[in-house]
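Chains here go by letter, A, B, C and D, matching the order in which they are written, and residues are numbered from 1 within each.
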Amino acid sequence: MLSQRLLEEVIADAAPLLGGGKVADYIPELAKVPSQKLGIAVCTAAAGVVGAGDYEEPFSIQSISKVFALVQAMGLYDEKELWSRVGKEPSGNPFNSLVQLEFEKGMPRNPFINAGALVISDMLQSRLSAPRHTLLELVRELAGNPHIISDKLVAASEYQHSARNAAIAYLMKSFGNFDNDVDEVLKTYFSTCAIRMSCADLARALFFLCNKGGRLDQNNMLSEKQNRQVNALLATSGLYDGSGEFAYRVGMPGKSGVGGGIIAVVPGEMSICVWSPELDGSGNSVAGVAMLEQLAKRLGRSIF
Amino acid sequence: MLSQRLLEEVIADAAPLLGGGKVADYIPELAKVPSQKLGIAVCTAAAGVVGAGDYEEPFSIQSISKVFALVQAMGLYDEKELWSRVGKEPSGNPFNSLVQLEFEKGMPRNPFINAGALVISDMLQSRLSAPRHTLLELVRELAGNPHIISDKLVAASEYQHSARNAAIAYLMKSFGNFDNDVDEVLKTYFSTCAIRMSCADLARALFFLCNKGGRLDQNNMLSEKQNRQVNALLATSGLYDGSGEFAYRVGMPGKSGVGGGIIAVVPGEMSICVWSPELDGSGNSVAGVAMLEQLAKRLGRSIF
Amino acid sequence: MLSQRLLEEVIADAAPLLGGGKVADYIPELAKVPSQKLGIAVCTAAAGVVGAGDYEEPFSIQSISKVFALVQAMGLYDEKELWSRVGKEPSGNPFNSLVQLEFEKGMPRNPFINAGALVISDMLQSRLSAPRHTLLELVRELAGNPHIISDKLVAASEYQHSARNAAIAYLMKSFGNFDNDVDEVLKTYFSTCAIRMSCADLARALFFLCNKGGRLDQNNMLSEKQNRQVNALLATSGLYDGSGEFAYRVGMPGKSGVGGGIIAVVPGEMSICVWSPELDGSGNSVAGVAMLEQLAKRLGRSIF
Amino acid sequence: MLSQRLLEEVIADAAPLLGGGKVADYIPELAKVPSQKLGIAVCTAAAGVVGAGDYEEPFSIQSISKVFALVQAMGLYDEKELWSRVGKEPSGNPFNSLVQLEFEKGMPRNPFINAGALVISDMLQSRLSAPRHTLLELVRELAGNPHIISDKLVAASEYQHSARNAAIAYLMKSFGNFDNDVDEVLKTYFSTCAIRMSCADLARALFFLCNKGGRLDQNNMLSEKQNRQVNALLATSGLYDGSGEFAYRVGMPGKSGVGGGIIAVVPGEMSICVWSPELDGSGNSVAGVAMLEQLAKRLGRSIF
């Protein structure tokens, strides 16, 4: 049964894995994060957030932000419009490859690879007057934490190393699948990736994914059907090129970020967030996946 | 609630879709199948098989056979050995592409693309003295139907058009990931694809996938953990290049074949098989997917 | 023997081909060019320029400018430095593909595909204070024509449609093979592509390629060895994805542009420029290639 | 001026390069060749063969055989028929890649990559009753040496390691571009690759390439036009993925083999063969290219 103690045991089991991965270093600011962190938080309707380890320490959510951006876009665009610009299929390629994008005429495979997230950012830019601010506000509301911020140093550092993402955006523009100024969208995108949240924040904020789309504050984020759709996309494409392995080992829809966080959900029951900065070759947290695998096993939970 | 009447309604709802797809015609024998068929069967522990439409008419199971071959291999090889020769990731490419196979040094992405299924066939050939016979016997036992056969004309027709599969097998051989005689394995592989089963047969035979690995005859086919693993792979890679769309629309682990059949499972509850020969651009049955979508909606079932 | 009359016959022979190709229309300004033009000019040490048809009418030189940029870079960088940033091999892909560039880590195959020409522009930008002006001045000197200009409308039109070239430049930047501001280099690049010259201008300007590197005004543009090197690159990579066919049919080093011009050389003897705006599927002038093939046959000239 | 002494100096200049490459080891029989060999032979109409170093020692001609097969096919098929099955463009990829072949629907880029040579072999098989024998007889006649043989051990060793070539052939068969039994054609192909000839043999045998198609025995092998066409293809595609570099450094049409031989021609003047078994990363003889570069420089010969 879910308890603080169980989560502490999960942390303890994962501790020996520290040292077995590699902190993201493609931008200097991310490389500075201490590698030994381990956090886990679970949010249920009954108990709210229970956590263990470094679960209250904010970290860079990075690609987990793609979930927030997607659900925001699902509220602003109708289904047909949205999915005419981004696909729903696993990419089967490393998370930033341009090859597939060129073969598929500028249509990204799904909203969780960089190309897809950039299209989503472009779509948000078209409909929102202050997209950075609006998304940050949404995240604060969802997490019930007005102190959440985007780390300007991280965002600036990512912008300094944005050539590949610029290439992706311009390639989509050349195929007519990118409407706004590339530079402007990149800045918004990096600002969102640079949001800092703790495991507790993220478990709260994404609770709606296990609650038929309903937020902790009782408002609706998604319809029940949309909720299932998002979970389906997370299950097939949420962990970059390790999504199949994650389904095989853990059996939950999830989304990882190169900051070392992973969120996952047991539909109808709980939202979970784990954090440990060292990554495997696919860009997923080594100890994070292990904690989720262990938790799933201990609780006997799997969607499969 | 599940009932014969519900299944008949599902069939009736799907009937208008007939004419909207294309019967597989890459081999002459398959092209001969009447296109207007619609069948659905559901198997539960409580009620056994309930079906509607053409659910008792045998059809060519084609790629659904890849599920039988995989579970058979999981019984003959330990986990590490098995997954050292085939991956667990969605392919993100049309189901017969050689490009990815070359880039990934002869290691197929998963057991449900042709390359992966050929490796599994190769592994079965290495451990079984009569692989064709043994797999057919297993299928008969699982379905409780001793009359199930492999269609020799279809198998021969596939063999006549096997150049691409031979290319795939030889490419893997060139990377050291194929041990037996290519021609011999191809014959076994096509013989297995050419097995003819009805929706009822398939729902029964694959019941173990929703029953913690336990067969209808109470024997164990898989452990509970292995069952979850197979379902995870089906959920991420079971419908060729339409796996993400299927998860999004239907929300069940499933596997399709170009004969127009699709099997799917609600873990812990039921196994389902639908059949309709007309295919969409990804090679999945148009009306079949629609029937599963409708059934999921009517029953309120989804893993997400 | 070379004569005005011979060139007129070559033009007459090519006239029936008009209507068999397609004027470049990827930017509106280029699409406006009348499609029925036919021009040819030959420059020899003995006779200077002899021409026929529309040989004195300026057209957009487009990719022929890549030859000027390359020889300029060969004067500013030593051999090792230059070829550490761009290759010497035929690309074997359509002229603007990003796939190969990604697989080869941002190193373009050769200086005559867009990626390679952008690297060369980037290198010129690093060493010249006013690269646009300097290259235009060089071209004027080489052609002995101070009235040569770059068409601002064409350059602006290309800049408006530059997303793909921006993607290419940013991709190279992401691999560390692009130093300057992408936008700045693109503007220089398009300005150079938009230079307008006649067949007569081009035959004169590139005479050094058949004259051991010596310009018409007796100055040296290239050493004899460098001249051979440039001709070798033109022979293997000068006509996009039709370089092999051009060697097979014509047998001269050459360079084409989507404005419909093609320059070619008979080493030691003559430089040639033909012009006709309709292009084949590889982006080369249909009638232009035919005129060169006919001229080669009539004069009995081929490097092979 | 060409002389025995000059060739000896060329050999001496190349000797320090020994040790800087790697003998082909993808089949055991080839790996056994002593690595320190250096040979050069030049054939002119006036002087016949002049040679130095190990120029009379037979070696495995390997891909140089592709030239013999092509010219044989040019005698059996009309131009249109021949080039409908194989292209004329440089491949821009390593010599045995399947990727391009799949994208281009089974049409090999040119006759000098493996895929193209296999199509040529397939075409010869369709028109000749005893293709292996016929080609060997042709080579003997061309070289004026009835003792030339195909090394059965090498051919058998290649056949043992033929999975990749089989994959290529089956892939082309799947696209309808391969007519005969794959196994049969592979045996013919390897038998031809395994022919053993010396530099002297090869310079004599391919003399027609610098003699308007005329053989040493005065018979015609090719028309003058066909001769230019073959030389054009050699110039753009003869040295695998190092063809551009070879044109840049040497400036002659040529063809290399992984046995360490390279043939080259100065049109109208001489045929040349060099041999040294150590290869560079592109599969071309390190010392062989250097000897040709040096010879071209000393004689002041280049087609550019």
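We take it that a contact is a pair of C-beta atoms (placed from the backbone, for glycine too) under 8 Å apart; a residue touches a chain by one contact, two chains touch by 3 or more.
Computed from a predicted model, the values in this text were never measured in an experiment.
Asker: Spell out the chains that contact chain B while also contacting chain D.
Answerer: Correct list: empty, since no chain touches both.
Asker: Given the touch definition stated above, what is the smallest step count connecting chain A to chain D?
Answerer: 2
Asker: Angle of the rotation mapping chain C onto its copy chain D, from a C-alpha fit, rounded to a multiple of 5 degrees, please.
Answerer: 180
Asker: Could you tell me the distance, in whole angstrom, between the mean C-alpha positions of chain A and chain B?
Answerer: From the centre of chain A to the centre of chain B is 32 Å.
Asker: At what distance in angstrom does the C-alpha mean of chain C lie from that of chain A?
Answerer: The answer is 48 Å.
Asker: How many Å are there between the centre of chain B and the centre of chain C, using C-alpha atoms for each centre?
Answerer: 55
Asker: What are the residue numbers in chain B that touch two or more other chains?
Answerer: Residues of chain B never touch two or more of the other chains.
Asker: Between which chains does touch occur?
Answerer: A-B, A-C, B-D, C-D
Asker: In the complex, go through chain B and note every residue touching chain D.
Answerer: My answer: residues 97-99, 102-103, 163-164, 166-171, 173-174, 178, 182.
Asker: What residues of chain B sit close enough to touch chain A in their complex?
Answerer: Against chain A, the touching part of chain B is residues 87-93, 100, 109-110, 227-229, 231-233, 235-237, 241-245, 247-248, 251, 253, 267, 302-304.
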